[in-house]
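Here come two complexes built around chain A, the first alongside chain B, the second alongside chain C.
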Partner chain A sequence: MRRARRFNINGILINAAALVLVLSYALPYVYLLTTSIKPAADVQQIPPSFLPAVVSLENFREVLQSSALPKAFASSLVVAVLTTVLSLAVAVPAAYVATQYRRRITTLFLLFALVTRMVPSVSLGVPLFQLLKSLGLLDTIPGLVLAHTSAAVPLALLLMSAFFEGVPKELEEAARMDGCTRFQAFRKIILPVMIGGIAVTGLFTFITSWNEFLYALLLTSEATKTAPIVIAEYNSVYGLAWGAMTAAAVLYSLPVIVVTLALQKQIVGGLTFGAVKG
Partner chain B sequence: MSGEDRFVLCMLAPALAILGLLVAYPVGLLVFDSFFKVDTITPHIREWVGLKNYIDALTSKRVAESALRTIQYSVFALFFEFTFGFCAALLFSALPGQSRWHRTVFTLPLMVPPIVAGLLWRFLLVGNIGILNYGLVQLGIIRDPDAIAWLSDEDIVIYSVSFADIWLTTSFVALVSYAGLTNIPRDLLEAARIDGANAFKRFWHVTLPLMRPVIAVIVIVRAVDAAKTFDLIWIQTQGGPNHASEVLSMNIYQRMVRFGDLGEASASGTLFLIVMMVLAAAAYWKIWRPAHA
Partner chain C sequence: MSAIELRNVNKVYGNRFHALHDLSFDIRDGEFMVFVGPSGCGKSTALRMIAGLEAITSGELRIGGRLVNDVDPKDRDIAMVFQSYALYPHKTVRENIAFPLQMAGLPKTEIANRVDEAARTLELTTLLDHRPALLSGGQRQRVAMGRAIVRKPAAFLMDEPLSNLDAKLRVQMRAEIASLQRKLNVTTIYVTHDQVEAMTMGDRVAVMKGGVLQQVDTPQNLYNRPDNVFVAAFIGSPSMNLYEAVLNGRTLTLGSNSFEIPERVFEYRPSLNGASNRQVIIGIRPEHMNDAAIRPSSAEISAPVTLVEALGSESMLHLNIDAPWVDAGDPDAVADIGDEKAAVARFSPKSTVRAGDIARVALDAEELHFFEPDTRTSIW
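And now, the complex of A and B:
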């Protein structure tokens, strides 16, 4: 009797603690959302209030009517899609042979990918600036795609290797028995099975590019500014326009949050898998 | 070369080419440039200066200070995000039933772009309208909302800017730890309980040793990322006030962009790279390996 009761109290305490923890971590972002729908003048009122007194879409209208942000979103989207396609195209086949055909070169290759993840972006950004300048690719979409790919490929390799570890070697052998070449077996049998893992990896490379800031700051100017750069510029160029800033930040971050929450189960699996194995 | 070898090489080649062109070659260029006097406007004109750039970097007070700040920032951020994240994971695994929606909501910050997290925390901390101080007044912790100038007090700003980092990455620690905790065999904990070990002893003698490789990975990944941080701090303070939140990556960026000194930026970049490699390797050998042996 006493024992059951104690367990109950423990259960309630743990539940309450978990609730407080979860809410306190969600609260800042909720405040960003509630701030973005305040009238611009109310955003900077003293003292600040958590909830809007009046709901207004003024801030959103302002950032969407400015020319800079919609254009920056387009740049961000194009760069992120191209980065994802390029990274998957090179990383998926490589990760496949690195896990299924183990030999010295593949082990060294994976180790190199892992080491690459440790390189500070700024150390790579300095020579990338020079490389793109000599190729005439500064401030162009292909230039930024190349820079983002340098960060996305190692990530895609590690994630895809984790997914391919779960594929039995027999799958390819069976396909080969049926007369497929190695390449056909990969393309027709293995790839369709891995589509879930490829999708998760693709989402992560997309987010890597979508969120990237330092390379975009170093390697672009007027022609190809991405969304985070324009949002950061609300700081200096437009004075401290907090209302516009919060609206732009919501537009920039909410779509990614919604998509990832919708795919939560697969993503968390992929993420923790990649991290623990990597 | 056998058909199999040729297949392996063909599949590997595109990735090798990309990493070669976009990682290995730039790193080579970085090291090469570090021995020259060269600027960003005319990078084809270079003058050999030997180790001068390295000597300048290593004797510069501003570089030393930004390196120290990088350590302060990383240690502070890592300590809190690890503590909070690990406790959250323990809490979630102790929840009766599934902790699915707790974990779902808790993942939220993980999806927030760093630039937005930095912006948001700046908005929470900024003087006059920062809501955090008003909250602290309501709780009776401080007496008036101007009592703590989070982002403009030179003595504390390097710690204040790490709040965004802690908020952003606690959930990464929590999720990875949670995955590790669920992999611990239940009967091991049960056996310890039957042997009379209390909750604390079970944690200390069973859970923690088994979690060692997971903890190692978290610490290495997070420490490296924290030391590399640029965007989160940039958007909050741009390194200010008076360079008080300028970390190493920002220092290198400034020397390249503001002063156009490619040679010196390359020397610092090379040193930064070497230190990170050595740290990661040391952490790997010391913490991760013994658990496998």
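And now, the complex of A and C:
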């Protein structure tokens, strides 16, 4: 009996701690949501209210009717998807080789990837601008994809390396004994086994590109402006359009939430990959 | 024809570590060969070189008469069972077993027939649609075997396939693998560090140490006629007892004990004749040391008993023999027994000797082994 009671107290404490954590993460987003459904007049009232007195979708109507946002969403989506595909295409095989065929040079390679993560992205803005300008890729989708990929690949490489560290070398060897070339073993056995890790890495890469602000600001203008830039522009010369801005931000956060929920199983599988002995 | 020949095969790693030294031997078609030795002896490296998973630094490797030094693993027509089984976790048992056949481009009906046949042989029929994660250790081991046998390869390579199983299952699978190999009659190389597995399964056993082949022979010959001190101590459990002794004429002096060596010993070890104060290493197996009160012998020694392990069918006595003890050079041996320098004798359970007694031990002197102290090789 005592044992059961103690277990319950532990359970309550753990749940309470989890609730505090969830609230601290969720509260700003909930405030964003509640603000987005307030009528424009209520948004800037003093003192501010957490919950709307009246629910209104006028902010959403406004942002959807504006010509800039849907186009920016399309740009963001294309750039994020292409960045994810390109980053995975580069990082997955590179991480596999770097972890499974360990040499001094592969260790250096991974270290170099880590170092690039330490360079502030703002310091790379100007060189990237000049590089893309000389290539004629300024304010183009391929230009922004390349810039985002350069930022996303090191993270993807490090994440995938961590996942590949958990793959037993024997899997590839067994496939080679079963008649595969090294590449076939990678494609037919290793990649399907790593699907969880690839999903997690892909999601992080997608979010990195989807949320990226600085390069999008520096490297695009009218033609390929992405959504974060358009949302920021609600801070206009006419003042802060809080209502529209929060509505746009809510809409902008939806794809990431949907993708995360869709990949939830793979993400949990990927994050716990190798944690328990199969 | 699927004989495997190794000629002066060497393996030197990039850090100049010489893992295998001039490995040369033949494995006959259909033979069950076991590589055995302590950890780090190069047995797995040798297997992986035969598999094609490790490059050969120098020497020649032939499978079925064909030089395969530079042939890809997939083109060597050999199947391998890994220590970790290396089952494909995303595939069902059926898909795991079918995979090598799919890679070989066999028609679907042929694949289905062969998978069913392999599953029947290994009693996996009811598990064909399960994923490996749902299987027990023994079942996983069977699936790994299924993936190997379904191809009907020229040779099987097995790298400690039973080491992840519990003791009881290991004994059962040991018998199953041995009988399957006899039934299929496929050349098999089996790597283990367990000398009991080696002795019970192999047609012949290759004993290795420090990357050097020590002896290749039948289990019985390895036991009865070991080439050197290492093989003598490694094969047999408990190990052969090894001590320094002095031979003078027919008299052997072992510490404070002396006894006569029977004439027959000098007949099959003629080079011992005419010894005058000759230093030798003698080896005697535990079963050749008996309670003199029960089975008297002309060669008797006395030694204090430090421990008696009564096992029911026999009693293991740990004896403190006052002669210099000889280290056989097995790096794993120290971990196996606490008091490594004690001699072990296998006494009849009827023996009344207790720990603390001074035991009269009757040696079966005809079964003594003699080795050169310098080269540690057998004296014949």
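Definition applied: the second predicted complex is superposed on the first by the 229 of 278 C-alpha atoms of A that agree within 3 Å, B and C clash if a C-alpha of one lies under 4 Å from a C-alpha of the other, contacts with A are read in each partner's own complex, and residues count from 1 in each chain.
Definition applied: contacts are C-beta pairs under 8 Å (C-beta built on N, C-alpha and C of every residue); 3 or more make two chains touch, one makes a residue touch a chain.
From a predicted model like this one, the values you see are computed outputs, not experimental measurements.
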Chain B and chain C placed together on chain A: clash or fit? fit
On the A-aligned overlay, A:Ile189 touches which partner chain: chain B = first, chain C = second, or both, or neither? second
- Applying the touch criterion given at the start, work out whether A:Cys180 contacts chain B, chain C, both or neither, answering first, second, both or neither. second
A:Val153 in the overlay: touching chain B, chain C, both, or neither? Say first, second, both or neither. first
Practice problem: Please indicate which partner A:Leu171 is in contact with in the superposed arrangement: first for chain B, second for chain C, both, or neither. | Solution: second
Quick check for you: in the superposed arrangement, does A:Leu131 touch first (chain B), second (chain C), both or neither? first
- Task: In the overlay, answer first, second, both or neither for which of chain B and chain C A:Leu51 touches.
- Result: neither
Chosen between chain B and chain C, the partner touching more chain A residues is B
Distance floor for C-alpha atoms, chain B against chain C, superposed on A, in Å, equals 9
Intersected contact list for chain A, partners chain B and chain C 278
In the complex, chain C touches chain A at residues 51-53, 72-74, 78-80, 82-84, 86-90, 99-100, 103-104, 132-133, 147, 151
Counting only contacts in the complex, chain A reaches chain C at residues 168, 170-171, 173-181, 184, 189, 192-193, 195, 278
Interface with chain B, chain A side, in the complex: residues 11, 14-15, 17-19, 21-22, 25-26, 28-29, 31-32, 35, 43-48, 50, 86, 89-91, 93-94, 96-98, 101, 103, 105-106, 109, 112-113, 115-131, 133-134, 146-147, 149-150, 153-154, 157, 182-183, 186, 207, 210-211, 213-214, 217-218, 228, 231-232, 235, 242, 245-246, 249, 252-253, 256-257, 260-261, 264, 268, 271-273, 275-276, 278
Given the complex, residues on chain B that touch chain A span 3-4, 7-12, 14-19, 21-23, 25-27, 29-30, 33, 40, 43, 88, 91-92, 94-96, 99, 102-109, 111-116, 119-121, 123-124, 128-131, 134, 145, 167, 170-172, 175-176, 178-180, 213-214, 217-218, 221, 224, 227-228, 230-231, 234-235, 238, 248-249, 252-253, 256-257, 262, 265-266, 269-270, 272-273, 276-277, 280
